[in-house]
Each structure stands twice: as structure tokens, then as C-alpha cells.
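Below, subunit A partners subunit B and then partners subunit C, in two separate complexes.
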Partner chain A sequence: MKVAKRSYDAVIVGAGGAGLRAALQLSEAGLKTAVLTKVFPTRSHTVAAQGGVAASLGNSTEDNWHWHMYDTVKGSDWLGDQDAIEFMCKKANEVVVELEHYGMPFDRLDNGKIYQRPFGGHSQNYGKTPVSRSCAAADRTGHAMLHALYQRNVRANTQFFVEWMALDLIRDADGDVVGVTAMEMETGEVSIFHAKATIFATGGAGRIYYSSTNAFINTGDGVGMAARAGVPLEDMEFWQFHPTGVAGAGVLITEGVRGEGGILRNSSGDRFMERYAPNLKDLASRDVVSRAMTTEINEGRGCGTDKDHVLLDITHLSPDTIMKRLPGIREISIQFAGIDPIKAPIPVVPTCHYQMGGIPTNYKGQVVAPKDGNASSPVAGFYAAGECACASVHGANRLGTNSLLDLLVFGKSAGETVVEDIKSGNLSLKALPEDAADLALARMARLENQTNGTDVHEVRLAMQRTMQKHAGVFRFSDLLKEGVTKIMEVAEQAKHTQIKDKSKVWNTARMEALELDNLIEVAKATMTSAEARKESRGAHVRDDAPDTAEFPNGRRDDEWLKHTLWYSEGNRLDYKPVNLQPMSEDVDPIALATRTY
Partner chain B sequence: MSTKRTVQFKIYRYDPDRDDKPYMQDISVDLEPSDKKLLDALVRLKVKDDSTSFRRSCREGVCGSDAMNINGKNGLACLTEVDDLKQPIVLRPLPGLPVIRDLIVDMTQFFKQYHSIKPYLVNNDPAPERERLQSPEDREELNGLYECILCACCSTSCPSFWWNPDKFVGPAGLLAAYRFIADTRDQEASERLDNLEDPYRLFRCHTIMNCVDVCPKSLNPTRAIGKIKDMMVRRAV
Partner chain C sequence: MTMHRGRVRWHCRRALLELDIVLTRFLERDFDQLSDAQLVDLQDLLNLEDHDLWAMVNGSTECSEARWMPFLGMFRESGRESTIDNKG
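Let's look at the complex of A and B:
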């Protein structure tokens, strides 16, 4: 196969929030930049975010970034790196105000400032009372943000390669990253994008689970590419199950519904969160609420004929508030649950939503991996931001509204670092290795010539069911052990997928087979990392690490206050310390404590 | 006791790599009880015939990927109840745009028109340290405008766009134009009107209102176009 080569200062893979924010930095600095995206930018999954973006603007309640930092560290169950968390919370006002200047249509308060609403786990005075920190455009914040960022990139003349799917990372003999291979959907042809800097902003891989709020495109492409290229993946055992996916459909209902006063009820109509989180109640952290809901359902207090969900009730809110603040939720409820939330409560279940782990980075957006005794040595030429990256600001559990903040702050930061590294001459265009396209071409050829192979749909389904059963909201040591064996079997089947459609033009069968290669890396990383972590922390709660007086919540800081690193080769695990030290000397570390809400 | 649900499709098929010309394929598929939307049925169909090609992503009506012509009317597959559709369900690509393959159209012309209206806020004042203020009432002016998902259902249902896709901005682009004109933070309303002052760009809208009829987000491009026309008239007198 003929392989065309193109050269750039920087290539960005992915055009969701993080990719677009990074692209702005590069385009405005005049760097020659290519943004590769497998969907038109405004189709990226950032578009589905609803409830808001966190920033301690303090527009309707007193607030400051120290409180936000505390909430984020506590939300992470102390697994987040405190330097990166400080950086993110400090930068929040700046990046949100910038967005407003780009034209984002935030809702407004009477005084004309950005409207802010309460959200789970966000508080005043270090956990005391709920705070309004979520800056919102109705319940369509992600849509408003993604469009504003795309529009600003139109203004900046950013060069997009729309409907190009990145295939593999190119590393040279030194291990430095020198670009990616990618396939143009319309022609099926493979090209090399040779670049001084490669930024991954490819989003999460929520489609490894059977029931997910995520879009079809969330197949962990960047994470899979990094794993195949020998880069470790960090903290992949931590997956967020959003408390309120529409039962049966999986579609997201924002936590902003509870921020506006919504209440979760069991089959007796009880507001059960009062028992699990006496202080923040329905606005406790997502992992806490999802477990409470699952416990209610498991103990027979679920609703409906199969007692398999609980109810999210906003019938006590005025129709006016619902129409004004939650119009999209009303549409979704009518469309996917067949009920109007003004009149009846919405049936909801915890649903896979967000990948806390990912490609390890530092706060500058540089990808880091262990090398020569340094646990976090930058991989030259390689950057990542957004859900595909692990900075790590979310640790073991992400707070709502911190994902949109993460992609803004670290998208911008990765962009700034690349601009700096290129302008200072730190990064040059290194020679392409002879075998630059070999990995991608071998995968394409294997798929093309496969006979007596496995079916992409069947293998993907087997993976999704395995993940759902063996690595769900609650985790069990025997199921995890069995899950590792099972997922490795599924991974074996994924090596032999076969497609019937061999057309060169817009071949979606081929695309799905290539995506499955990425999903399976994520699934292996998740199951293996989860099986190994013998404690309960954040979203990872095991039956053999229960809540005891000696180890509250089952958390074992003595052994497990560390980041997991998973390597695809040999399905191998390594660990690195958590950074408990904030970035600034005058900022006190958030001391380890038992997490209650 | 379970009754099998089978749906019959008649689908526009064309793969330039394989077919001399397009044809309509008759095909049926058995649905599972959880398959509610047309998109669910299409995904099920793709398991049976992996060459069936269409775009899809969010499956909840916010990304705008899966617009197609469904029994003669443009809509999103993910928001269309499959049981409400008359069978065989006739699926065609969005009308008026070149077909790349099957239900996948080349949207270049559509986005070119969107880009032509300068779809970004222009405010040349030095950026303040905090947000620019906007009253809730002024912000409300943007409701019904900013929610557009660029699915192209509207523009590709508009006869004026079919005839002059290179000259008429089309309902989606004009809705976006008004979104910025109506924004109190934008300083280029007058330039934006100049940009549309042309026999084709704006005035090819003959208020046929197909755009309003098909918009999956219940937006009203015709009203936005009417407001732009009013502003043109007002500044002319």
C-alpha cells in the first residue's frame, strides 16, 4: 500500500473539547497544525455534557479555588495528584471566562454574570455546605462549549482533517514520538502525519461496558494506540458509573437535575440518600450515590416490575424552572423514558460514564512514563489532554463538572507547552523511522486477509458483557479473577476479527474492527488493574476490602496510596507514588482523611 | 409468548468502489425488545450486513450525525421511533448533497455555507478580566438559536438550497447568522447584514418552512430568517 507523508509542527488527534482547546493555542501561535478527527468536530462527545463546568467564580455563593481543590482531592479519594489539582482549580476562572469571551452562551444571573448551580461533591468551607460552582448553559453546557470552541477555531483558521481515523503512534528508536498514521475514511488510504509534537485528545472508552452513557465513537482510540506503542496506562481500574442513566436506554440525565433540587427515591418513595450521605444527600459524590442506588436495588427496594431501577423526582420543581434550566432533560426523558418529568419521576440506574485513568501526563500535558529510575519521565514529542489522559486530577473518582474543566485547562496547557517546546527549539522534526507505518499497515492487512475469523459484533459484545459483569459498580474478588481470564480470552478472539465488507470507501465495518483493537486494550487494562488493587477507593469498591475501624471505607493507604501503571506487553503492572504535594509552597497539602459526605 | 418484531427496509445503497449505480435494497431484520429507535434497528441491521453504511455517534440527538431521509422526510435516526414508521421503511441519504456511500453524504457544501456567515463572536474591545455581562433577557434572545446541532436536516429539505447550494446560505447557516446578530456581546451585526445583502444568500428563502417541519430540535430557522429580513428593511428606510 502506498503511504503518503505529510509534515507538521504539531498533529492533534481528536477534535472534542480538549483537542479544540489545544488547537486554538497552536493556531493562534502560528504553528502549522493538523487536527485529525474521525467525526466532524461538533459531533465529538463533549457535545453530550450537560450540567456545567466548574469554576470558583463565586457568582451566587461565596467560593474560592482552595475549596474547589479540597473537594477535588477528597472526591479523588486522595488518589489525585495535588500539584495537577491545584493547577486545574486555580486556572478554572481564567479558562471559563475565556470561553465566555469566545461567545459561549452561558445562562445569566440577574446581575448579568454567569449562572452557577450546585453539583455533587462541590462545597463551601471544606465540605461544610453545598456551593454553586457549576457554570451552565441550561443543561446543554457541553454542546454550547464544543460549538463555541469549534467556532473560535474557524476564526483561527485551524486546519482540520475531518473523518480521518488515527491508527497508530509512531515512535523512533529513542522512544520519542514523531507522529501518527491515519486512514482517510472516504478513500480508505493510510497516510503518515510526521510532526514535532503529537497531542492525543481522543476521549474515553466508555464503550467497553455494555451499558454506557457514552457515544458509539468513544472507543479509546488514543489510549489503545498509546498502549500498543508501549506507553503505560494509569489508574485504569477507576471508572465512573454515573448515578442517573435512563433505565434501559443508558442515556445521561445530568447531575444538574439534583443540583436544581431533584431527589432520588426508592420503591417506598424514601429519599434514601439521607441514610448514605446525611450532609450532602443527593449531591454526594457520584461513586457514593451510585453505590447507594445499587444497594437499594440489591436489597429489593428498586422500582418497576423488575425492581431494577430507582426514581429521580423533580415533580416538586416548578414547570418554569424545568423548562428554563433543564429543557434538554425533559426532551430526553420524553424521548427515551416515555415520561414527562414535570408530571412523573424519571427511572434511572447507575451507568458507565467516565474513564478516570488514561495516558499518564503531568500538569503541562506532557505524557510521562517510567525511565531510568524516574517514574514520570516525559516521552519526547508526546502530549495528551482530556478524558484520554490521566494528569491525574480525578484520581479514584471524578466530581461532576470537573471533566469539562479538565479538558479546557489541560487542552490549553498541552497547547502552551507544545508552543513553548517548539519555539524554544526543544522539539525538532526528528527523522521518521523506516518502519513508521508498518504497525498500522500490518493491522490493516491482517484484517483484509483474515479467513475463518471472529465476528466484530460478537467479540465486542462478549467484551462488554464481561466488563459489565466482572468490573461493575461493586467489585468481587472472585469475579475479578475470573474476569481477567475471560477478558484475555476475548482479547485473543479480537486478534482474529473478520469483516465481510472490503470496500475502500467509508468502510464502517473496518472502522469498527480497528476501534475494537483499541477498546480491547482498555478492557484488559481495566480488568487487570482492578483485580490487582486489593483495597476499596473511590469508584473501586471490593467485597474483600470492607469498611472496618482500622481501614475506614476499606481504603488501604498503607499499601495502595499509589497509581497503577499497566503495560500491554505481558499484561504487566507497575506502580508509582501519588503526588500529595501541591504545586505552590504556600498551599497546604490536603491531609489524608476518611471520606464521608 | 414473545412476538417477533421484524422490520422491512428499503435502503438506498451505493458503494462507488463496487456498484456502477445506486439501487434500493430490500432487507428485513428481527428486532430485540430493547430496540426502540430507528438507529437501534439500523445497528441491528449492520450486524446482519456489515456493509450497510451510515454515520452515528451520540444516539441521543445532540451530535447531529445520523440525519437521513426517512420515509420521505428528513430526521435523525436516533430520535425516530421505529414502531411509528410505515413499512417498508424507505431510507435515503439527505437530498441535494453528493452521496459518498449509502446513507453517507458529502457535507462540504453545507459547512461551506455555515462557515460563510462567520460563525463566531466578534468583539474587538480588550477582553475584560471577568465575563462580559449580559442580562438574562438578552441571553434569552439566543434560545432557539444556539441549540442547532448542524445535522443538515433543514438545509437539505429546502428547495431553495437544492437549487442554489453554492449561493443560498440555507436555513442552518442563516439561523447561525442570526444567533450572532442577536447576541448583545457581538459587535458586527451591521457587517453580518452586509454579508447577507445579496439576491441569493438570504433572499432565496421563500418561507416554504420545510426547515421548521423537519428540525429534530424543534428550532425555527424561518423565524430567524424573517428577523434578519426585518432588520434589512429597517436599516434601508
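Let's look at the complex of A and C:
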């Protein structure tokens, strides 16, 4: 089969915040840059980010990057790499101010500076008191950010391939990445995008869970492609469950609601977070709040007929504050819970929200994997940023507002690294291997010719239910073990999906089948990595690793202070050390400590 | 002008879960019955930014085009019927 080829300096897969920020860096440097995206750029899931972007500007309260770094390391439960975290926190002010100059309409203080509000897990003086660090544009921060970045990219002549779905990574005999294959949805034709550099910015895969705040497009396409190409996935056992998804719908209520004074209450009306996190209370880190809520529900203090949720109360806030600062929240609550939060509290439950793990990268955005005794050897030509990547700044638990910061800092950093690598001559257009398109074409042909196969929707549902039951907020040793067997069975079914409609043009059934190939890689990685990690840390909490005097919170630094690496081939695990050393001498390492709020 | 049904269907994939939920039931129940003319109107509606479309669905802003009103009604009805419906 003849496959069309296109050549670029760089090809970026994904046009959310990370992809657009990386693209901007490349296009403004004069590199020929293609961005592939399965939806129109401003319809990427970054649009949904409500809360804000963290930066220690200190506009509302005293702040500095050292405090931000401490909060992020502590939030990560010490699994984050301290060099990458230092890099991100130091760069925060620069990327936020840059965005302001691109036209991002941040909320303002009366003195004209960017308004900042408090957010869970962010503090002054190394955990002492909450700090106002989140820069926001009402509750449309992600939307405003994406538009500012998209418009800037249009100005910089970035070439967009809209409604193109990337299929597989192309690696040559040296293991170097030389591009991707992709399908144009309008024609169903497969093309090769041959490039000096390939950047993945495809977002997360929150749709592996049954109950998720993620839009349906979040199918982990880059993560799945990387796994199929033999790149390991890092720390995939760590998924953030956002405390406040609307019960029964999954739709997110931003943490900003608690930043503005929202209070979580149980069936007795108690402000239960006072018992779990006496200092930060409702603004404690997301995993702490999610587990507290789950404990309240499990111990019979849940609300409603089935006692299966708790309440988020903002009835004490003035209607003016709600309308001005949190307008979208009111509409969501009315539509999906049938409740006006000005008058009554909103029913909420912890809901899968964010993928902490992903494609392993360093702070430069280079994808790294073990090679010749080096645990973090760069894969030439391959870069990643944003939720699909694991830098690792979020470690075992991400702080709210650090995701928009992550995609800005590491999107830019990946772009800068590519520009340097190309200009210095480190990266050139390597020859395409003979079999460049074979993997993608084989997947397409398999789907085309499958008979007596499985149903895409049923397999996806089986995957989502398996993940929800076996690897949820609380994890149980026996359920995890069973979960590995079950998810491998589901993965077997996913190999035989069949579509009835074989048409080439705009065949959404084919796209969903191809997406499932990516989701299932993520699901296998998550379940296998979670089963193996025999400790509790951050978002990964097991019944057989309880809080004891010897091992507070069930964390076992003696055995498990290490990153998981999962390989798709053979469903195999490996590990690499956590980098506890910051990148500069400006700061001492944040010493291991028990994580309490 | 004839729209490809598959294309319009794909444009029902949104950035916001709120819209995915309200559009899922609509796709199952109402989409196949739409005429070609309705399909063009729907595509125009789907060209709106997610937050603007969502604001019209939840009634916080007024619908700017009369021809979109029937769709918004169908979306709202779908949203009310849906809880978690994992088609994505």
C-alpha cells in the first residue's frame, strides 16, 4: 500500500496547552512545524481547566518559588523528581507573565496586578498557612489560555492538521524516533509525518475509569503509541481522584470553590475535613480530601438515600461572590445535580481526574528510557509534555493548578530543547525505515478484516468497570491481583474488536476502535504497576500498607522510593531511582518527611 | 450544502464532559432522524466554542439563533436523562 509522506522539522501530536506551547516555541524559531490534532485545537480538554495556574508572583500574599517547590515535593509524596520540580517552580513566573503578554485575560487586583487565589496544597512558609498562588481567568482559565496560545500560533504560521488521528510512532533500527503515522479522518487515508523531532502532547487517559471528569477525547493516544513502540510508561499506578465530581455525572466542580470558601460536609452537617487535615482543612491536597470523603461514605456518614456522596456547601457565600467568581459552577450544579448552590449544597464524590504518570521525560522534555546502564537515557528525536508525560513533577499526587503550569513550562522546554538540538546539528532528518508505516497499516488491516470479533463499546465498558472496581480511590491487595488477570482478559478482547461500518470517510466507529487500542495499554500499565507497588503513597493507597508508627501513611521509602517503569511487551516492570537532588545549588534537597496537612 | 453525517457526529466530541454527556443521548436517540437541512444547522451550532455552547444549553445565555432552539431542547432533555453514560 502506497503511503503519502510529509517532512517537517518537528511534528507535534496534540493541540492542547502543552502542544500549542511547544509549537509556538518551534514556529517562532522559524522551524517547519506540523501539529496533528483529532479535534479543533480550541476544543482540546485544556479548555476544561477551571482553577488556574500556579506561580509564586506574590501579588496577593507573600510568596516565593522555594515555598512552591516545597509544596510540590510534599504534594508528590516525595516521588517527584526534585530537579524537574525546581525547574518548574522557578520558571512559573516567566511563563505566566509571557502568557499575559500573549493576551491572556487574567483576573486583576485593584492595583492592576494579576489576581491570585488560594488552592489546595499550596502554602506559605513550608506548609504553615495557605497562600494565594493561583492565577485565573474567572473559571475559564484553560479556555483563555488555549485561545491565547492558538492565536499566537496562527501568527507564527504553525501548520495545523485538524481532525487527523496519530496512529503509531516510527522508530528506526537505532531506536531513534523519526516521525509518526497518522490517519486523516475525512478520507481514512494513512500518511507518514517524517520529522527531525516528534513531540507528544496528547493529554491524559482518564477515560480508562468508569467515573471520570475527563472528556471523551481523553483516550491516552500518545501514551498508548509510546507503549506499543517499546517506550516504558512511568508511575502509571498514580491517578488523581478529584474530590468534587458531581455525584452521578462525574462533571467537575473546581477546587476553586473551596478556595473561595466552600466547605465539605457529611450527613450530620459536620465539616469533617477539620478532623483529617486540621491546618488546611478543605484545602488539603486532593488525595487527602478524596480519601477523607471516601472514609466518611464508607463509615456510613454519606448523604442522600444511598449515603453515597458528601456535600459541598457554599450557601454561606454571598450570591454575588458565587455569580462573580464561580458562575459556571452554579450552572453545572443546576443541570447535573438539579440543585442551585446558592440555596443548597452540591452532592459530590471523588472522581478520576488526572494521570500523574506517563511517558518518562526529563525537565528538558526529552523522552528518557533505560539504555546501556543509564536509567534515563534520552530517546533521540522523541519529546513529550503535559499530562501524557511524566517529568516527574507530580510524583504520587499532583497539586491543583500545577497541571496548567506543567504544560506551559514543559511545553516550552520541550520546544526549546528541539530548537537547540536542531540548530546545534544534534538532530537531523534521519532516513525512514522501510517498514515505517507497517505497524499502523497492520492495525488498520486487522480492524478491516476482523470477523467474529468483540464490540468496541462493550470492551471499553468492561475495561472501565474493571479499573473502577480494582484500582479506585482505595486499593485492596486481593482486588488488585484479580484486577491484573481481568484487565489482561479485557486486553485480549481488545485485540479482536470488530466494526460493522467499514467506510473510510468520517468513520467514527473506526476512530473509537483505534482509541481503545491506546486506552487498553494505559489500563494494563495502571493495574500492573498498582498491583506491584506494595506501599501506600500519595494517590496510591492500599489496605495492606496501613498507617503505622514505623511507616507513617503506609509509605515505605526503604523499598519503594523509586519510579515504576512498565513495558507493554511481556507486561513487564522495571524501576528507576527518584531524583532527590535539585538541579541547582540555590536550594537544598527537600528532605523526606511524613506528609501531613 | 450536504454535511457528512460522520463528520457532524465527530464534532459532537467536545472539550467539556458536560457537553459529551448531553450529546451522547442525543446522538443515540435523535441524530439519525435529522434531515440534511437540520444537519447543517446542527453543524453551525457545534462550531460554537464549548463554553458558549454549554452556556446556551444550561440557559445562562440566550440562544442567538432560532434555528438552534430545537437542538438545545433535545440536548437539555438528554442531559436530564443521563447520569454517567460511558460512551467515551
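Note that the second predicted complex is superposed on the first by the 596 of 597 C-alpha atoms of A that agree within 3 Å, B and C clash if a C-alpha of one lies under 4 Å from a C-alpha of the other, contacts with A are read in each partner's own complex, and residues count from 1 in each chain.
In this text, contacts are C-beta pairs under 8 Å (C-beta built on N, C-alpha and C of every residue); 3 or more make two chains touch, one makes a residue touch a chain.
Treat the numbers as computed from the prediction; the structure is a model and nothing was measured.
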item: Superposed partners subunit B and subunit C on subunit A - clash or fit; value: clash
item: Partner, of subunit C and subunit B, that touches more residues belonging to subunit A; value: B
item: Touched partner set for A:K504, first subunit B, second subunit C, both or neither; value: first
item: Touched partner set for A:S211, first subunit B, second subunit C, both or neither; value: second
item: First (subunit B), second (subunit C), both or neither touched by A:Q116; value: neither
item: Touching partner for A:S191 - first (subunit B), second (subunit C), both, neither; value: neither
item: First (subunit B), second (subunit C), both or neither touched by A:Q464; value: second
item: Partner chain(s) touched by A:I334 [first = subunit B, second = subunit C, both, neither]; value: second
item: Partner chain(s) touched by A:N402 [first = subunit B, second = subunit C, both, neither]; value: neither
item: Superposition clash, subunit B versus subunit C, among 115-123, 133-141 or 151-159; value: 151-159
item: Doubly contacted subunit A residues - partners subunit C and subunit B; value: 39, 42-45, 47-48, 140, 143, 186, 215-217, 248-249, 251-252, 328, 331-332, 335-336, 457, 503, 505-508
item: Contact set on subunit A toward subunit B in their complex; value: 39-40, 42-45, 47-48, 57, 96-98, 100-103, 105-114, 137, 140, 143-144, 147-148, 151-152, 154-155, 186, 215-217, 248-249, 251-252, 328, 331-332, 335-336, 456-457, 499-501, 503-509
item: Partner subunit A, residues of subunit C touching it in the complex; value: 4-7, 9-10, 13-18, 20-22, 49-51, 54-55, 57-60, 76, 79, 82-84, 86-88
item: In the complex, subunit B residues that touch subunit A; value: 15-18, 34, 36, 46-47, 49-51, 53-65, 79, 100-102, 104, 107, 111, 115, 118-121, 123, 127, 129-136, 138-139, 142, 146-147, 149-150, 180, 183, 185-186
item: Residue numbers on subunit A that touch subunit C, as the complex places them; value: 39, 42-48, 140, 143, 163, 185-186, 207, 210-217, 219, 248-252, 327-328, 331-332, 334-336, 457, 460-461, 464, 503, 505-508, 511
